[in-house]
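Working notes, beginning with the structure itself.
A, B, C, D, E and F label the chains in the order they appear, each numbered from 1.
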């Protein structure tokens, strides 16, 4: 599977400027619109290693900063991913940062301002960020069921780059490049996704991610027919209510009127 | 007791395609419709070992990934079931994944995308999935009292195969094969189950699972009379309200009008 | 105090059939109707030892499965009651199972299906149930204030035997046999209990258990007069509201109009 | 300070009968009506030692049963108060038992039925109650703000003795005997308490306990004037709302119209 | 800074009487009215050391009673402040006792009745209070946002002394004595405080404490002008709503009409 | 990046007076108005080191006071930042103190009154503040979503200095000094911020901090065009609702009518 990042707008310029001026960056946008891939692409372009942390309710300070571990009676300190990235001058990417616990978020304060330091309480050591270190975080402020919010005192410490789904032609190219699916099939999947991402549908179900389209394309490549691929990779993950499922299938028929016609799936 | 998986539709094709393209699979459907048996069947067909984890509220990251255990002063690392499955190229099946804690779900992100890796924080080791590893999960999105939901960013990482109860003839065959109950008795149990799985009944009680029918058939084989077998294996687990119990008994009489007639229970 | 189980209906046949076919059994019914005594009786008849666990909010997995304990630097594994029963082929009785924590309930899945195994995570050992092992659980689905429910995926794994209070003559016999109270006094206690177990009263207070009657009979045997015995062993545990207490006393007078007449208390 | 228990009714007979038949006893009644003193009195009369445990939200199983403690590398088991009482044949008194955690209450099941045993999980030892052991518990089912309730399956295991405040003459005697206050002063304090314990007042503030009267009498003996003694020992602990305080003072003036007249405070 | 306690009424007589009769004392009253200073004053007068504990949500039993601490493999017991005070015959002052956890409050039962003992579970030792030991507690039953309450069974164990702010002349003297501020300035601060402590204002903001006045006087002594001293030491800690702040400033202008006139700040 | 503190009013005089009289100081005001920079500036001017602690939900007492850490079997005490600052006579700055746990706040009582002591329970040591020690805390009482409040008994222990955003000319100077952005560009950013900080806008989104303006200026210096800089550094962190975003863009057009005109970004 090849990860080819497809440019959306001026996000690379802003990211590079933030890197140059050592400013932290926040990526916002819908699930699966390419935030993670973008960070990896930028890490490659800037020649920095990238460490990713999926944040969640129980992510503790120690999970980011490090902890003492006991081995045969000896105590050894193990840097966490944030501390490690600061020492190595790497990009530390906190995915869905809004999920992290408050204490974990609090320790980002000194990392995200001009100090660029992290106080490791357990070692009484102040770690200074090496050149090249950059903190990147992401979250989806518009997700259905997004009850958590970041505090303004943290949010305003980041340059915030809003991201959206790729425009249709670009998303089609991406599907072909990543999965070797045929362009016609890819175009049909994107046409369907565009219909499902309209505001009217968004009120009822979460929109399908680019990742869902990749899954569908992969199934096509493996010989699954289009109807099953769309059903299992795109529609079923969205809905669990029979009425909604029926409505989605109507949408598919409207978006892909010729969907009974067999199409070639691989280039 | 013999576990014979009975095919529902094209679920085996989609599962095999996902396996071929190293995509994770989510099974959805009502309690006891055969999700677990299906995974075991596919593991056998694909020649992979299968590790099952019943998820729950308190399933911690360490329960999946592993932990250090102390023995007589020495510290030894023990892989958890997920880590073990990744190293061994096994199928790791997370039953009722929606019950797991958020942090446990978060660590599935890198396992379910093209990385197919798991970062074992406590060892600072990145485990790469061996060939043959596949993550399968299941949940019941329509259960009464299903308040929890998976986040879209996780749900859209899986190819989702919706499953339903077996069609009546197949379910009858399965009862006979598994319990040696007589076909006539099996057919009566399935006829009753079909009546109890109608949408009208579903609004009041959870539908009976295939497993309930197996229990009833086992009791018949052991000589319990049909009325007691139906009462204790099918009706009593469903309801705890006297009015509902009476209504269910009416349903039994309607579905099995001749239920006073003794029938031979074993083939 | 002698425990003599008094048969209610066909519960022994169903229980024996379940034992023969290695199926787990769930007992439901009101508090104190004899569920625990029934399990002990069946264990005796089937010649199996019986281990009882009173479940509660904080019953952890380790409480059932076992744990490592440290003694003078050494670590020793101690089987919990469930693991022990599986190894010994005993009956493991989980009283009020609905109270247990979700994670504790989750581990019952593999124990209650055809696998009859328990994965002991901390030892990475899969314990297989020895012949004779049987899991029995109980709960009261109709208790006032019964807010918790078992999930259908667990409930449908059990053959469910509903139990009720003994019919009056049998309950009278039981009181005499257990406490040596005189039959006339026993009959009066049971007559009172029957009045208090009517549906109208049930809406206001929990019905008195057979155990309450035993307590009252014991007090009679020790020379306490009937009025005090009824008051302290039957009425006072039921109500803590003055209005309700007065109503209960009216019920006593209606059920036992001659209650001022001294009666001989011991046979 | 001398503790002289003053008999209320037939509570001693019922308690003795329960002791004779090895039945557990529950005492109910308002705060400070003499439950604790009654248990101590009965322990003396029955010649058994008495161990008191004040229950609360965080009372753990280990707090009652015992725990392993580490001393200089060695592990020693320490019996908790319940285990100790069972071994020694003592009375174990659980004050305000309703406050204890559910798991702590669950372990009382086997202690309170005919088994009279306690399974000490951590030692895998079943402790059998020595002769003379008796479990006594208390709670106040009518306290304002009493939201917690005991489950019927536990409540119906106890012979329940309801207790009330002493009748006025007896309470007066008790004050004199315990504090050496003069009988006239004691009578005035009891007269006031009686007025404050009426149902109308009870709806607004908790009634004053006998203990409050003892405190007031002690202050009188130490030379504090009656107005201050009543204010600080009886009224101030009851109310923290100015309007209620004023209403209480009116009640004092009505109950003790001559309260400006100096009275001799000590006999 | 000199702490000079200024007498309010007969609180010293009642406190001394309680000390003489070994009764525990509860102080109630608004924040900063002098409860802590009063306890310290009485400790000096009675010639007893005084140990203060600021209670809070997480104050554990061990925080009061003591705990085992490990040093280089050895285990040493460390008395907590309550245990220490009982052994030394000191006054133990629990400030804002209502904040403490329920289990912490439960252990006060045996300390506050005629037993005057504390059972140290971890050592299985019953500590008896030495002569001179006295338990004093405080809380503010009328604070805005005071949702917690003490249980009556605890509250009625204490002689309760309600306290209020000092009368104006006394509070003025106290400011002069503690801070060396000039009497005219002190009188102006007290005049303002009196206006802010009216019932009408109390409904909107917490009243200013004597401590706030001391802070303001200290700033005056350090040369800060009166307007800034009042603003930063008295008004700003009270309100965080612009409308309320403006209303408070109007109150200041009404209470101190000549507040633009410079006044000499030090005596 | 140069931190130049810009004076707002008499805050330096009040802070210095509080330092002279050893009084603790509380800073209140909106996010990013310069509270942290002010403390650092004052620490420099007073010649004291400054230790900053970002408070949060899980900040424990040990995080402030210190803890025992085990190294190779030895136990070593490590002072926390508060204890260290008291010993060294440093300024200890608790940022967003309202977020800290109640127990953490309770230990500030003895530090903030005339005692200036801290009882280190685990060492049974009373640490006295060295000369020069000062406790400074901050919080934002008007933040949207500010549900937590400090208790009056704590709040009234601090001299409270309310802070606001800098007046426009000063904020412009600060941007130029810190980022080397051109004065014309800086003036435009401040003009926009002033519009966004009006009360009408404040009801909908949090106002932009000075820090946001610095981020925007940094991006300008790095060559990002003004529209993108404003979008990513100022607007995007404020809103996540499309309607609000559009309204904010209207505000930008109104505040900066010539915003399409390229401006020189660096001086």
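What we mean here is this: a residue touches a chain if its C-beta (ideal position, glycine included) is under 8 Å from a C-beta of that chain, and two chains touch if they have at least 3 such contacts.
As the structure is a prediction and not an experimental result, all values here were calculated from the model.
If you apply the touch rule, which chains end up adjacent to both chain A and chain B?
Correct list: empty, since no chain touches both.
How would you label the chain C and chain D contact, same or different, if same means the shared numbers make up over half of all numbers there?
Interface between chain C and chain D is built from largely different residues.
Taking each chain's centre as the mean of its CA atoms, how far is chain B from chain F in angstrom?
53
Let me have the rounded angstrom distance from the C-alpha centre of chain E over to the C-alpha centre of chain F, please.
31
Hunt down the residues of chain B that sit against at least two other chains at once, touch-wise.
In chain B, the residues touching two or more other chains are 73.
Using the contact definition from the top, classify how the chains connect: line, ring, star, complete or other.
Graph shape, chains as nodes and touching pairs as edges: a ring.
Quick check: in the complex, which residue numbers of chain D touch chain E?
Listed in rising order, the residues are 1, 3, 31-32, 52, 54-59, 63, 69-73, 78, 80, 95-96, 99, 140, 143-145, 206, 208-209, 211-212, 215, 218-219, 221-224, 228, 232-233, 236-238, 240-241.
Can you list the residues on chain E that touch chain D in the complex?
Spelled out, the residues of chain E in touch with chain D are 10, 13-14, 17-18, 20-21, 23, 26, 28, 68, 73-75, 101-103, 105-107, 109-110, 113-114, 121-122, 124, 141-142, 149, 151-153, 155-162.
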